[in-house]
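Only one structure is covered here, and it is reproduced in the block below.
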Amino acid sequence: MMTVKLKDGIAKYFLLCSAAFSIVALLAIALFLFSRGIPAMAEIGLFKFLFGTVWHNNPGATNQSYGVLPMILGSIYVTALATMIGLTIGIFIAVFIFKFCPKKIRGILEQLINLLGGIPSVVFGLFGILVVVPALRQISPTFVGEGILAASLILSIMILPTIVTISLNSLKAVPRNFYEGALALGATKEQSVFKVVLPAAKSGVYTAVVLSIGRAIGETMAVIMVIGGSPQIPTSWLQSIDTLTALIARNSGEASGLAFEALIACGVVLFVFTILLNVFLMTVKIKRTNQSYKLTLKRHNERQAQKLIDHTSFLHLRVALLYKRTKFFIKYPFVKLGQFFVWLVVVCKLNVICRQLSELLDKNWRAESRQKAWYAFLKVSSFFAAFLGVLALVGLILFILIRGTPYVSWHFVFGKYTLDNPTLTPAIVGTLILVGIALCISIPIGVGSAIFLSEYARKAKGVKYIRLAIDSLAAIPSIVYGLFGFIFFVGLFGWSYSLLAGGVTLAIMTLPTVIRITEESLLTVPHIYREGSVALGASKVRTTFKVVLPCASVGIASALIQTVGRVISESAVLILTIGLMVNIVPDGVMSPGTSLALNIYYFGNFGSSDQAAATCVVLLIVVLLLNLVLSFVGKRLGRNNFKY
Amino acid sequence: MFIVSKNKFSIATKLSALLLFIVSVFGLTACDYQFRVDRPIIIISRDSASGTREAFFTLLFGSKQADIRLKLGSIELNSTAAILARVSSDPQSIGYDSLGFVNDSVKLLPVDKYLPTTQNILDDKYKLWRPLSVLYRIDRMKQRHLSAFNDFLQSQQAQDIVQSRGYVNFPSSEGYAEYKPIADLVGTIRVSGSTTVEPMMQRLREKFLDYQPNCKIELTAAGSGPGRNDIKNDNSDFGMQSAVVTQSHIDDIEQGAGVGNVGQTNLAIDAIAVIVHSSNYLGIPKSDLTDDIQEQGQSVTMQNLANLIDNDSGVSFATWKAMLEFQ
Amino acid sequence: MKENIIEIKDVQLHYGNHHALKSINLSVSKCEILAFIGPSGCGKSSLLRCINRMNDLIDGCRVRGKVVIEGFGDIYGKGIDINNLRKNVGMVFQKPNVFPMSIFDNIAFGPRTHGIKKKKDLDPIVEDSLKKAGIWQEVKDDLKKSAISLSGGQQQRICIARALAVQPKILLMDEPTSSLDPISTAIIEDLCENLKINYTIVIVTHNMQQATRISDKTAFFLNGEILEFGETTQIFSNPKNEKCEKYITGRFG
């Protein structure tokens, strides 16, 4: 049976090559970035680059200066604030879905959060320009709405789905007997969840945090639209500043010479940071404690409860005082009556609720009830967080729909593009071509790598490096991919601005997702199937392709659909690689073009917000359809699958 | 008494409803979309790739314009249209934009007492104007379709389009010839560069394709700077420019194109308007433009514009009032 | 005296550092049922999996010694075609592991692997195997039905039919009825009685009554060694080894 052995050998070789592709890609990216960025840093002076506070790169200027400290600080502040907000709300939402959510709503809520995760970042950017920044402008002392606060608010909504999904999965993975054991000791539902289950899910939450930090620091499109763009050291939440990603995206098109190399150096900074973050994630292991979780009243819980009561009583007093003061204003009719009346009602409500709360907490002074009060408060917080999350999503979608639907028409989507009547035809064709290229490359290589990792080399020594390469590729910000695509495909390969350059770069970017999802689903195929097939005399290749792979078909279909979603939503990569040609239908892969998401950016920046909103509507419909297809495929293929 | 499960929704819904209430109250009561002269100025500017910015800065600062750093805290936006959108929604803002783009969603601020009317521009009383042009490689003009397009750009039909877009025709002593379509003309023409020129170029493109249906024109716009780079690196046939093309620009392009190989065709004159929010009483809507001198105290001087924008000018205006009163 | 089809000589097996099988010597005669009994974790399944080299799938597993199978020689020697070996030594697992395909495809998987592709060749094989496994009457009307929609007992019989479809000489069964209800168990035990005519069966079982019911010979395992081996009737009525006696009478296990 020589041919079987030969087939086996060839297959293994191809799969190994697929898996090694990730390492090659990572090395290529690192190589090109470092080979141009490091000399640039040397020429500018490392200290002057990283800690210099002046960035001035006008072409033709004699006083060019490349200090990126303001941008580094901007990135750090925006990321930190976004992560804090997103993490708090996200964990509470996860807990809510896990335990406190009524069963009927649970599915809908999870779908909504998924949908939020599929919305492209440009849509968030548009929402930022049109709603968040003007709103913040009203409360800003300098009347500037842009800045850290605006960017963080939007970023926190964007990272919510990641945090919620991962935290929820970790909560679900906690063995049920932890929770039941706590209940059996007499704890309330909320005490069990917050004191027992949530700490047991710590590792998942930490993963979520690190992933969101990675996402936040690498986010370009949403940030660039609301950050302002002034290269100054941030001193306030509401001032025009800049981040590394926005700097690169904004300036790459025109910069040349040392200015461009300086931008690549910024890309190096981002790259190094995300790799470090990734390594940190892999090395920090949170040990899951296996000891039994007894509910003992710890000192700090008592103190917490006491603080809460004191604080609430204090609030009660302040509110009462405010109430008295507002009575004073009745004498002055100059004050807008409506405003005053509304305030009155608000204050009364606040008063009543605070009194109720403090009564509840005062009543049983025993430590036990204080404990329960604290956890009840946490439970209320989780309700509230879920409410906020839904509000954000619904608000966003409603806003886009209201703003954009009037301008959506058959002609807008499929008609011929003229200057007076911009249409989406070039964008749709461009998007389809991009999706095609990306899928043709990333699915075969991705599935091949996943098969290699799960079937052939699960514990081999070199596999560690392949996994590291894949995880690192996943962590690299999209704008760095854009830079790489620009240097490598547009420049070095000589393709110039083209759909092919954009498509191939997107393929590399989506590769880690395909590998991860496919590998996960391959790993869930029960080992007994493989054994059954091997026991019948089937070779490894046959077992893998005829038995294991069909079982994992749900996963592969899911990976495919998610890749499509990602390609459709991505814009930062495309800005630097496909040339933003919005008016002509591309006639081949080598011509420049545009995509739906990129068009939103174009319309938002270069033209009218109406068209931008309308494109958002179209894009949202596409994303929604994809989500539906995904769940439909999941159910359909899942039906035929094994029960285990 | 403290059985949470009974009151599962009551506190939560109360708190949530309350906060929703507060938020909407804030929203209703905090709307204040009026310009106030005792509030800060917010500077809206183009990014450094922009020819409009380069032109504006050159007019204010002269040849050293590239060395000028924009006042820290200004908002930098990527396109002409974005500036318009931003200024029209921010009462305290001041920006600059191509006059052809301006509509009645914003008002125009007189500079040194003059408004940007065609007469004021031609008389150089309103000093903020720049030519719109295209650069090309002279040796490329040997190709028929490229030289035909170049001829078209200097024709009467093209100047009609220029005028219809709200720009000023580039003065020509001999007048403009009619463009005559050439039979069987084929070829691909690549045009790139300034976003200011692009909309007009789109119209010119459509007109040219009416005459020469077998040609193709690829049009992209990333800024005047990239337009020059594209000519230098031969990524494009015509580079749209929205600022005066200086000798140093030409020297730089010649490094890639060859000495003496750079040609220029002028398309139009475009004024750079200083724009403010529609509630700003210092400004005049475009439809009310007049050649007359504007009253004192209502216009901004070129010097003050320079002081406002230059980060290192030593002068910083805390409010609109401060700028108007500064001598 | 029947001739030996399997001869196990001085086999040692290590899982990493754990010495799971210590010097096993055993002979299996043709067309008989041999039962492996013994407490959990004492090497019964491990030895069973040595016979068709399924232990190769486990990382860190080392096997020394000889396993001689008629027609192959020492299967741990050089130049052995493993796939052909497994074709001839079939296996039925503890949990029914029908593939998520139709019944027909499940049974046809083996023959297709070994070169039989045409439907007209596959049909008789499938029918024959299903009949031998005693499930033909129940499924013959709808062979396209998904195999995982069948009950546990039916699935296990499909697994048996699937193993039979490649025409093995030996059938290895690793606790095949431990996850099934008594009725399915009875059906499968009857099946074994019928199969014994043409196949050699080695069965691992926890259920001593099952061993007495169906097997001809029995081997008692403890801590990786075979402490007693002989005719089933003799072992269960008059065990020679003391520990074996204790196990059989239920004093440990």
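Here are a few things to note about the model shown:
A, B and C label the chains in the order they appear, each numbered from 1.
Everything below uses one rule, namely that a contact is a pair of C-beta atoms (placed from the backbone, for glycine too) under 8 Å apart; a residue touches a chain by one contact, two chains touch by 3 or more.
These numbers come from a predicted model, not from an experiment.
Hopping across touching chains, the smallest step count from chain B to chain C is 2. Looking at A-C and A-B side by side, the one with more C-beta contacts is A-B. Inter-chain centre distance (chain B to chain C, centres taken as mean C-alpha positions): 82 Å. Rounded to whole angstrom, the centroid-to-centroid distance between chain A and chain C, based on C-alpha atoms, equals 51 Å. The distance from the centre of chain A to the centre of chain B, each centre being the mean of the chain's C-alpha atoms, comes to 34 Å. Residues of chain C found to touch two or more other chains are absent.
Shown for chain B are the residues in touch with two or more other chains, of which there are none. For chain A in complex with chain B, the residues that touch the partner chain are 54, 56-63, 134-135, 137-139, 142-144, 146, 188-190, 228-232, 239-240, 250-251, 253-254, 256, 336, 339, 342-343, 346, 349-350, 353, 356-357, 360, 363-364, 369, 372-373, 376, 379-380, 383-384, 387, 391, 418-419, 496-497, 579-581, 583-584, 591-592, 604-609. Those residues of chain C that touch chain A in the complex are listed here as 52, 54, 57, 59, 81, 83-87, 90-91, 93, 95, 97-101, 109-110, 113-114, 146, 148, 159, 162-163, 166. Here chain A touches chain C in the complex through residues 1, 4, 459, 526, 528-539, 542, 546-547, 550-551, 640-643, going by the rule given at the top. Touching chain A in their complex are the following residues of chain B: 1-2, 4-5, 11-12, 14-16, 18-22, 25, 27-32, 39-40, 42, 47-49, 65-82, 85, 89-92, 195, 199, 202-203, 206, 218-223, 225-226, 229, 235, 248-249.
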